[in-house]
Structures are given as structure tokens and as C-alpha cells.
Amino acid sequence: GCGAVTSSQGGGGNTSNTSNATSGGTTQQQTIKVAMIPKEIGIPYFTGASQGAKSVASQLHIQLTYNGPTTASASDQVSMINSYVAQGYKVIAVSANDPTSLAPALKAAMAKGVKVITWDSDVVPSARQYFVNQATAEGIGSTLVQITAQHFQGQGTVDVGILSSTPTNPNQNSWIDVMKKTIASKYPNLHIVTIQYDQEQPDVGLTAAENMIKAYPNMKAIISPDSVGVPAAAEAVEKLGMKGKIYVTGLADPIQMKQYVDDGTVQQFVLWNVPELGALTMYVARAVADGTMPTSGTFTAGSLGSFKVSNGQVLLGNPTVFDKASTDKANY
Amino acid sequence: MSERVVLNANQLVKSFAGVTVVKGVDIRLEPGEAHALVGENGAGKSTLIKMLAGVHQPDSGEIQFEGRTVTIANPSAAHQLGVFTVHQEPALMPQLSVAENVFMGFLPMKKRGVFRWVDRNAMFAEAERVFQRLEISMDVRQMAAQLTIAQQQMVEIAKSLIHQTKVLILDEPTATLSVHETEILFRIVRRLQSEGTAILFVSHRLQEVFSLCSKVTVMRDGERVGVYETVHLDENRLVSLMVGRNINLNDTERREIVRNEPILKVSNLTRRPWFEDVTFDLYPGEILGMAGLVGAGRTNVAEALFGVAPAQSGEIELGGKVLRIRNARQAIAEGIVYVPEDRHKHGVALSLPIRTNMTLPSLANLSKWGITQPRVETRLSEEMVRELNVKTTSVLQLVSQLSGGNQQKVVFAKWVSRKPRIMILDEPTRGVDVGAKSEIYRIIRSLADTGVAVLVISSDLPEILALSDRVLVMKEGRLVADLDKAHLSEENIMRHATGVKATVS
Amino acid sequence: MKRSSIWSLMTLGVFVVEMVVFSAFTPGFLNLNNLLSSTNNFMAVGVMALSMAFVIIAGGIDLSVGSMMSLCGMVFGVLWQHGMNVWLAALIAILFGGLLGFINGQIIVRTGIQPLIATLATLFIYGSIAMVISGQGQGSIYGFPQSFLLVGTGYLFGFAPIQLLVFIVLALVFGFLLQRTSYGRRVIFIGNNENSAFYSGVAVARVKTWTYVVSGFTSGLAAILLGSYFASVRGDMGLNFELTVITVCLVGGINVFGGSGNIFGVVVGTFILGMLQQGLNMLNVSSVEQSIVTGVILILAVGIQQLNVIFSRRRKPQASSVKQVANVS
Amino acid sequence: MAFMVLLLLVLLVSNPSFLKPGNLMDILLSTVTVGILALGEVGVIVTKGIDLSIGAAMGIVTLVVGEAALAGWPIWLVVLGGLIVGAVAGALNGVMISLVKLPPIIVTLGTLSVYSGIMYVVTNGQWVQNLPSQLLALGSFKLWFLPGPVLILLLCLLVLAVFLRYTVTGRYIYAIGNNADAARLAGIRETRIVFLPYLIAGLLAGVAGVLYIAYNGFSTPSTGADLNLEAIAAAVIGGTNVFGGRGTALGAVLGAVLLGIITEALVFFHLPAVWNEAAEGLIILVAVISDSTLIRKVNMGRG
């Protein structure tokens, strides 16, 4: 797992220095340059986040550059970070492909006065000032297990397969870790039989899901904490005529899941409000640049509302469980 | 008169990178005529031929075909005129069948729909017929990669026989062939001649020129020395026209060999299915010839001795020591060296300079602590170039730019400089001109005189006779004769090689 | 030889043009300090390209370099985690790279299967083993001592990046090895005509194996450089490096079919591609557009270098005159 | 492919359900994309070339086809459009390689970058999904017991195999790959013959792209990134020689099937997925080595 994603549940005791950030064009603000770097571009998830960021950038007087590598590569992110530092960006907001590989570059950036925040995927705390956390690993992992367990309530042992993205993805691994722990402590009737990977390719995911279904005839559920994996698993279930026999859920964007929710292959899946994550990142960037960001307590981000801050982490909130009605409403 | 001329080239000039190699040469071919083109290595014969074949474009000069001026822009233009060429170096497509090689560019086809389909049955049948005409048993369905160099040459010849030819150009077609195959080729050529085809024939074997051709064009240094009727010439006269001096190939003043202890004792050497129970001795200072028809297995024996294709059983004893030679490095370390018959495949790296090629086997000795000494290498290779009279501008010239004969000298040079104990020469003068041949003979003899034991494999009987102190004859993988000096004659060798009494022209 | 040195001059020209264009369009680009420090981003690739040149010149290819790098990185990390001195661990990781290369070489020379497929297989195998190790070591391994991190990020005399110096020294060594030693000569000869080299008594199998061993060494070294630069190692740190490394060699004029090329070209190729990314980043070209621009430039760069070949071909009258002949006959 | 038979036997013994006909058909289904792309590589590699951009070309096709279908084009036009896009991508490679005489590996590395970039431009970074059912029907129709994509793979195989083996142009492709000089001496027009395999590869990338999106149901801007090398691997495992002159269509498809079997077998053996690639690499090695020694033995015997 990744030590960076720490639990902040039960962190309510910290109310000493609550402060309200003065953000949203009340005072005359100077325009700042902010670079927002996703893990990789070309994934609806990150595209959604960028749209959220863009929607608030101008009102925060932020000149936003959104650019990331075409494949999830830490070294490409490093060379981007270096060039943004050389170009005099004020804030760099990155979703890290690796918690430690980016650290030297980010530390060097901070040494040159650049503010560094992370979002979606953190680095080691010493290499950034704030982390905008979409949901804790606990929240995601336990929710996924919970909805699966509820579906199979009252049944005996249920074999579950997991379809992850790549074996090295730190977020995926930490979520899977939490899932294992939650199962061990709360839902011992669930039984993880295999973990396969889709390598972020639809056809690989489809083949992997099909093979899982065939190789583990007793498997009743597939959980995929990856936005390529969920539709691939759903597609496999349809292809093999297992609709209704295998329960599919995971982390996915509503827009992707629409067709499978509509035809009943998928009943529930989990996600947080992705555009809001992007927007919140911009509010944090502005506040960090202005020096008004609290290290713990509450942070009020304009119209988005207020968010809990603790240990340099800004928490977006708990993940949402989508069903047919909420999927139809969502537009990302 | 002029309508009797099928092809008339006037004042053709060609240069490469500023060096003019064909300097205004004329050539006239009449229907039914067999015309020889002779000259030393690098005289420009192949270059002239390539201009007629559409491979090269002349820098100036004109080519008339049946009275009309033509541009032969590429090989298919030549084919359309009815001019077909067997080039000096066989260039086959190794992964394709023999039949496809023969018909490539002219595959028999059936048109059906948008595609042109290969008529495979017709192709194989036709190809079989061509090789029957050549009196060669050849599996036309096998891949060309498996052919020996001589067989490749036969395929090249076969390629040119499937057409209605007005002009057939043969650039050293016989270099790898033995008397037997050569005779067959000549019979076919004579028949074509009688049907009106004009033949342009290049060979360094002057006997062949006299037996086949009525006229001969002599080239020297890119220029035409003259055109002569062969009836008015003899071999010596022709040689001096080519070289500008007299040369005697049969200079046999050799030291008497004292056969005390053999340096090499080969007993029951076997590598099925190539050869079996080969047993012979080789003495220091001896030149041992090895004769046989194409495919008799001579090359295989040589490759076994050199370690590149080790024998399955049998014994090799070198200087009293029994060796198991498993690779070439070991053989070389023991003092056995080998000049291979297929020089493009095994002899040289064409796109590297002469110097690099010549010094490769001696690299360890020529470098200090693994660091190469270019100056030492240059000195050594320049010495070899001089000694073997390699026609080149500098030792840094690429081997690909040398004429065929000069390439052969490069291969030869890389071994001579290593001072070997046993030298195996497989067709050592393939494509080498008379002048160079006599130089190579001289070198072979003087090497032998210093005590080197030489095994010469050759399909050129006069060469075997001129060089050898003793001759082994192979037939179908077995040694069938061991002929000492007293019993050496072309007839005798051929009788053993073919197993029948043969007549030799 | 001659043709490949023309090529490397052309390559140098391409590099100069690239630098001029970038400095014209980006104000901050021609800042020496920035330029020097930006080399840290691509020295690992350069180091691997040096040995890849040997492999390709000898007629082979090594697709497994990225995976060897990942695996060496993990070996290094795990050894250090278990208390080994960081420098000793680095040395062992590099030697271990040599062992991986040796395995590649032996598979190729002993079985005679195509290098492309052999190293593709080991790309999978080594990469997978690296992942397995990293899975047990919980993702990335980090926390190396400051002295070690200096290798990847430090400067000698305050301005010369240590990575760059390592690369230059290595390039000189490799250049010397290729041009001036009997080993280099044999490599070139084998690439030109393996059969002929074999018949000349060259230990073809041994020479070829060594090209892969060296490729393994430099992959190990690249893992150390990158591990130090990123202050961490992980199981997929070498993912997708192979094509970049091969591209550098090709731009540098190494003949894909073996036999020719020189190290100078590889050095220039390293800087052409490395600076390209740097310059495009500075121009704020998005990675999508960068991908397109890089592709076009790759083709153009080689296209320009091919010009002389094309022109010399054009001088000959071509197929057009066939019709002429057809009329005549 | 003797090893493949052996592998299948081992699987049969250890897990009888593996060799059920339905399952075999599924394996074929999962190899359709790689198989068709590998077919495209055969001709290219035979001429001593290589096409590193084939997966990216296919990726573009999936996106264009998807977008066009979403825009409501009639399905035949969508398919035609996909094939044309593929053919154009291939032709572009072909022109630069045959006419401008640029080295194939550089050209296709370059177009790989360009095509991958274009994939993001086409979609603006979004996925293509929620496709109309007429398009999806192309991926799921069945002819008797044969799934549509498998049928099309077999069709492509048949056409290409016959083309390469029995037509004059097909034989010229081998001739050029074997010995370009000799082919020129035989009067073969090199430019045209070198161009053709790239065009065919592009066209096949078009076919594969249409099937991919129809079968998988969605596509992303990085679709096909992993298929460039895999297609080449399949062709080479199937006996195509990267130094040119040798290779068959059937071999390429068998190579793809072997890769498919390996992927599936690993799951069946309940091996942890992190080991998948290692096992895959090992099996490829064993397969290729055993085949090449076998071939060598056969040749010796024949001599």
C-alpha cells in the first residue's frame, strides 16, 4: 500500500485554529499561473476533473495549464514539473504516478518558492504542502465491499474476483488492501479468489474478466476499483450470458456506466464528484498562493462549501454510491 | 552488313566516383555469334555488361539494338529487348524455391479476376524441364538456401534459358563449374547459337574461350585493346594481349617433396550424408589437389577439417597430435586455414574496407591490449595488396567496389599473412584472371616451398594439373582415387570423378 | 564508415537547428543552467542507448533494457533495505544487470532464435519478476542517504550535472571501444557478415553475448541513475523505455540491420530527443501535441539525412524510359 | 507449432474444461484483434520492413468508427469509413517507405507517435462508448456456430494466405524481401511491391478496429498501445523472420492463438496475476526454441 493515503476518520478533535479562507473575488487579486498535472490524459476521470478546474479558474484569477503524460509515467511528470518551475509557475498541482519518484523534483520546486499541492494521488507529505484527497482509502475500499456484501446478504460463502488496473498503481493497491481488511473484519463470507489486471486497455480488461469468469466458475461478483475495469467486466458478463448471475461493481464514471446500468448488468457503483475535486484543487491552489490556507480545521471554498482539513489534507468527502436514478442525472 | 548486327555498342563510358572504369568501348554482336570478352580482373568487363543489361547507365556512348538506338533503363527493359544476362555473382532468393528463382519476374500465370495467379504446376514442370536440358538433377521445389555455389550458378544459367533470347550474356558462368557441367552448358549454348542467339561470353579460362568462341574482344584497364578472330590467336598471344606481358601458368619448377612424416593424417572421416570414410595424408610442403564433380563433397571435407562443420566420426591427426576440431578458431590456432568457395557468404564483409577484411583473423596479434593499431594494419594490408597485386586505389576502399577477382585476392590475403601450417583452398582462383592466377599460383608454390601443406580443391582441371603434386578424386562423398604425379591427366581424373570414361575437349 | 560519418554530421545539423528554433521561440530556453540541469531527465536513456548501439551494430536488438532496469532497480532497493551499504548495493545491481544480459545473450547464441523474440520474452520475464519483488516491498523503495541522491541530482563545480559527466565519460569509453579496439572491430564485422566472421575464426557467440552483457550493465547503471534522480526505485521504473532507447540509436544513425553506426551519432541522438521534450515542455506544448510533433520530427530528421541518398538515386533515369524502349522493340 | 499442441494437451490433462469447444472458440474470439494485426505484419516483415504503428492505426479506427456511429451515420458507411481510415494510415507509411525510401522502423516509430497523438485529438481525451446497437451487432453476430469476428479473422487469413502464396504479386513480395537486388535484376518494380504490404496492413488495421470497438463495446484514446509489439510478436512466433523473406499468414494467426492460449491458461492455473507476464515470456521462449530446434532436425533429416 501507499503510506501517503492515511485515514483521517475520527480526526474531529482538531478544532483549534478553524479559519475561513478569503477566496472568491472579494479582494483585488493578482492573476497566478497554475499547472495542473493529471496521472495521464485521455481518461474520462481526469478529463472530468479538468473540466471542474476550468469552470472555477477564471473567477479565482488563475491562468490554468492542464497537461499530463499520455501514459501514466512518473518520469514524464518529473520533466513537466521541472519545466513549469523554469517557466515561473506559482502553483503546481499534481496527481502523482508515484509517491516517491516525484519527491526530489517537487522539493526542488518548493525550494524555488513554487507552491506544491497534490490531488487525487498523493506524494510523500514532505514533498508537498497540501493534498486534496477525493476520499480516503478507507472510505472507498469499505464502501465497495459494503455494497457487495449487502447484495449478497444472507448467503453463504461468496467468491469475489478483483479486476485492478496495473499491479503498480498505488491508489488501486491501497484500496484493495482496505477491501481485504474490511472483508477480514466485517464480512468473512466474502472470499477474494483472484486479482487480475486490465493494464488500462479495454480489450485486455475484457479478456481478463472473461477468463476470470471461466476459470472460477463459483465466482459471483467482480469488483473493479478502476474505470476501465468496470465496463470491461460488465461487457464480459453480458458476453458470457452471466447477466444476473455475476454482480459487477467498482469505481467508475457515471457516463461510462450508463449503458450497463440501463440494461441492468450493473446495479450500483461508486464514485465521488470528480468535477468538484478539480474545482476544490483550484480553490486550494489559490489559497496556498495567497498564504491563507489553514493546516487543519475547516476550509471554505466559495460556493463549493466547506471542507475538513487535517495534517495538510483537504478531504472532499465520502464517495457516492450511484444507482440508476443518480447515474441518469450525472453528466460526467 | 549492318542488318547482320543485333547489338552494337559505341564508345561506352562509365565512371564510379570520378574513376573511369570503362573508357569508350565498342562491342558488336551478330546473330548466332559466340563472342568472348576477356581481360584482367577489374578491366571493366562486368561493368560493360551491366550497361548492356540495364543495371548501370552509361555516362556517354550509345547502344543500338537491331539498328535502332535504345536506352536500356533497367533490367526489364533489357528483357523486353531479348537481352538476358547471367551475372558474375549468383544472386538468388534463398527462402524461395528453385523453380520460383528461375521464373522470378516471369512467373507463369493464369489471369482470373483482379489477381494474376501463379500457375504453380506449370512452373514446377517447366523448371524441371529446364534442368533436364541442363542434364542436372535438381529438386526444383527445394529452397535456394540449400544450394551450393555451383548449383546456384546452374540456377542462374537456367534463368536465362527460359526465354526467347536474342542476346545471351554470360559473365563467368563456368567459374564454379567442373568440366562436366561446363560441357553441358556449352552444348546448350551452341544450340542457342544455331537458333540465331548471339552470345557474349566472359571467362578467365582461356581454353573455354577457344573452344566456344569465334571472336574475342580484349579489354585492358577499361579500354578495348582490339577484336580478334580466335583462329588467329593462341593462348599465349591472348594472354599477352590482356596483360601486356607473357605469363606461364605451368611454371612447374618446384622443389622435390620429401614425404617423410605427414603433417596431417585424416582417417575415416565421416559426416553423413555429405561424405564417408575419407582417409588421406598430407605432407609438409606438398600441394595436394582435390578434384571431383560439383556436389562430390569436397567442400564438406574441407569444412570438417576447418571445424565449421565438424565431422561425426573419424580422426584428424595434426603433427602427431589427434585433434577434435570443433570450431574455426581452434583450427586456426592449430595452423589450419581455409579459403572458402563462396566468398560473398563466407569470405568477405562487402561493405567494409579492404584493410578491415584482411586483418580480421590476425586482429589479436595486430592489436596491443585489445587496442587496434591502424598504422600497423595499414602497413600490413598495403604489403598484401602489393604482394598479391590487388587492383585498388587504397586499402580503405570498400571490398564491394572491387572486381570479383580482386575480392578473391582479399580473402586470400587475410590467410597468407597468418603464416599457416596447413592451407585449404576451395576454388582459390574462382573468377581470378590469368595474371592474378599466376601470382596466386606463385604464392601457393612459394608457401609450399616454405613447408606449408596445401590442399587445393578446384573444379578447374588445368589448375589442378598445374599446381598439384598429387591429386585426390572424390565421387559422391567418397575418395575414389589418389593419383600421383605420374598418373596425372585430365582424362584420368575425369574417369575417376564420373566413374565412366569421359572425353574432354 | 564514410556514410555513417556523413549521417552523424547531418544529425548534428538537425540538433543545431532544433536548438536555434527553441531559443528563438522560448525566452528562457537558452539559460545554460536550465539546459544543463534538464539533461538529468534523459541521461538514463542515453546511457542505455550507448550499449544498445553495440547490440544493434552486431545485428541484434535488445527489447529487455527497460525490464532489466526495473529489475536491477528493485535488486538495488531490496539489498539496501536489508541493510547493505548503498554503494555496494548499487555495484551489485549493475553486476546483476550484466548477469541478466548474459542470460539474454546465451539464449540468443545457443538457441539461434531471433533476438527480437528472445528479448521480448525476457522483457516480460524480467519485468514480471521486478513487479513481484516490488509487490512484496510495498510499491516503491525510498529513503536513500543524501550522498547517494547526489549522483542523480548533484553538480560538479556547481554547474556540471554528475549524470551528464557519467554519460560523457561512458560515451568516450564506448566510442573508443567501438572504433579503436579489436572487440569493437569484431562487433562491426559480425554485423556486416556474421558468416565471414565465423569463418575468420572470430568467436561470434562470445562477442555477441558480450554486447548483451554490456547492455545489461548499462541498464543496471541507468537504474541507479534514475533511482538516485527520483530518490526511489520501483518495479515498473523501466516500463516502455525500450522504444525510446532504440529510437535514440536510430536517430543517431545506427543501421537497424547492423554493421554500421558510431557512438558520436548516438550521443547527438540522445540530445536531439532529450532536448526536444525539454523544449516542447517549455513551449507549453501539450503531451498530445508533443507526441505528434515528435513523430513528425523523427521522420523529418531522418528524411533530411536521407536526402543525399535520394538525390543520388534520382540522378539515374528511372522507370519512365521503359516505355521508350517498349516503343522501340 | 508443435509446442502449441503440447501445451493444449497439458492443459487438457490438468483441466479438462479448458478444451471444451465453447472455450476454444472464446480463445479464438479473444485473439481476433491480435490475429488480424499480425496478418498485417507478415507481409510487411517479409519485405524486411516493420510496422510499429499498426496498433495506433487500429486505435484511430476504433475511435473514428465509434464517433461516426454515435453521430448517426449508417452502419455500412461507418464500416467503410473505418476501412478507409486504416488504409490511409497504412498508405502513408507505405509512401514514405517505398517512395521516399525512409527506413521502415523510423517511419513507423514516427507515425506511431503521430497516430497516438491524433487519437487524443479525435476524441478530445474522452472515451467512445454508449454505442448504437447496430454497431455492437457486428461484434456479436453468429454464423451457425462461428462468432462473427472469428469468421472475419478466418476470412482475412484465407485471403491473405492465398494472396501471398498463389498470386504473382504475393511472390514478388517474398522476392523483394529475400534479395532486393536480385528482384530488381528480374525486373520487379520494387516501389510498388514494397508499398503494398503497408497498405494491406493498414486495411487490416481498419478491419481489426471495426471489430474491436464492436466487440469490446468501448474504446479509449490509448487503445492499441499494447498491440504494436504484440502483433509483431505473434507474427514472429509464427515463423516470420525479421530479416525478411520468410513468413506465412497461417503462422501469424497461430502465433496470435498461442499468445491467447497462454493468457487464458495462466488464469486457469490460478496463478497470481503478477506472474502472468513472466510465465508468458517463458512459454514464448520455450515455444519458439522448441519449434526452431524441431525445424532444424527436420531439415537435417531431409538432407
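Here the chain labels run A, B, C and D in written order, and each chain numbers its own residues starting at 1.
Note that in this section contacts are C-beta pairs under 8 Å (C-beta built on N, C-alpha and C of every residue); 3 or more make two chains touch, one makes a residue touch a chain.
Note that the coordinates shown come from a computational prediction; the quantities given were computed from them, not determined experimentally.
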Ask   = If you take the chains that touch chain C and keep only those that also touch chain D, what is left?
value = A, B
Request  = Quick one: point me to the chain whose Cα centre is farthest from that of chain C.
outcome  = B
Message = I'd like to verify one number: the distance from the centre of chain A to the centre of chain C, where each centre is the average of its C-alpha atoms, in whole angstrom.
response = 35
Request  = Take the average of all CA coordinates in chain B, do the same for chain C, and state the distance between these two points in whole angstrom.
outcome  = 43
Message = Based only on mean CA positions, could you tell me how far chain A sits from chain B in angstrom?
response = 74
Ask   = Which positions in chain A touch two or more other chains at once?
value = 41, 70-71, 167
Message = Give the residues of chain C touching no fewer than two other chains, as numbers and ranges.
response = 131, 135, 288, 291, 319
Inquiry  = Residues touching two or more other chains, restricted to chain D: which are they?
reply    = 116-117, 120, 125, 241, 274, 276
Query = Tell me, which pairs of chains are in touch?
reply = A-C, A-D, B-C, B-D, C-D
Of chain B, residues touching chain C in the complex = 57, 65, 68, 70-74, 76-77, 80-82, 306, 308, 328-329, 331-333, 338, 340, 345-353, 356, 360-361, 363-364, 366-367, 370-372, 414
Remark   = Given the complex, residues on chain C that touch chain D span 63, 107, 111-114, 116-118, 120-125, 127-129, 131-132, 135, 243, 246-247, 250-251, 256-257, 288-292, 294-296, 298-299, 302-303, 306, 309-310, 313, 319
Note = Residue positions on chain D within touch of chain B in the complex are 163, 166-172, 174-175, 177-179, 181-188, 241, 245-246, 303
Note = chain A contacts chain C in the complex at 1-2, 41, 65, 67-71, 73-76, 78-80, 82-83, 86-87, 98-104, 108, 124, 166-168, 170, 173
Remark   = Seen from chain C, its contact residues with chain A in the complex are 28, 31, 34, 37-38, 41, 131, 134-135, 138-140, 142, 149, 152-153, 226, 229-232, 234-237, 239-240, 277-278, 281-282, 284, 286-288, 291
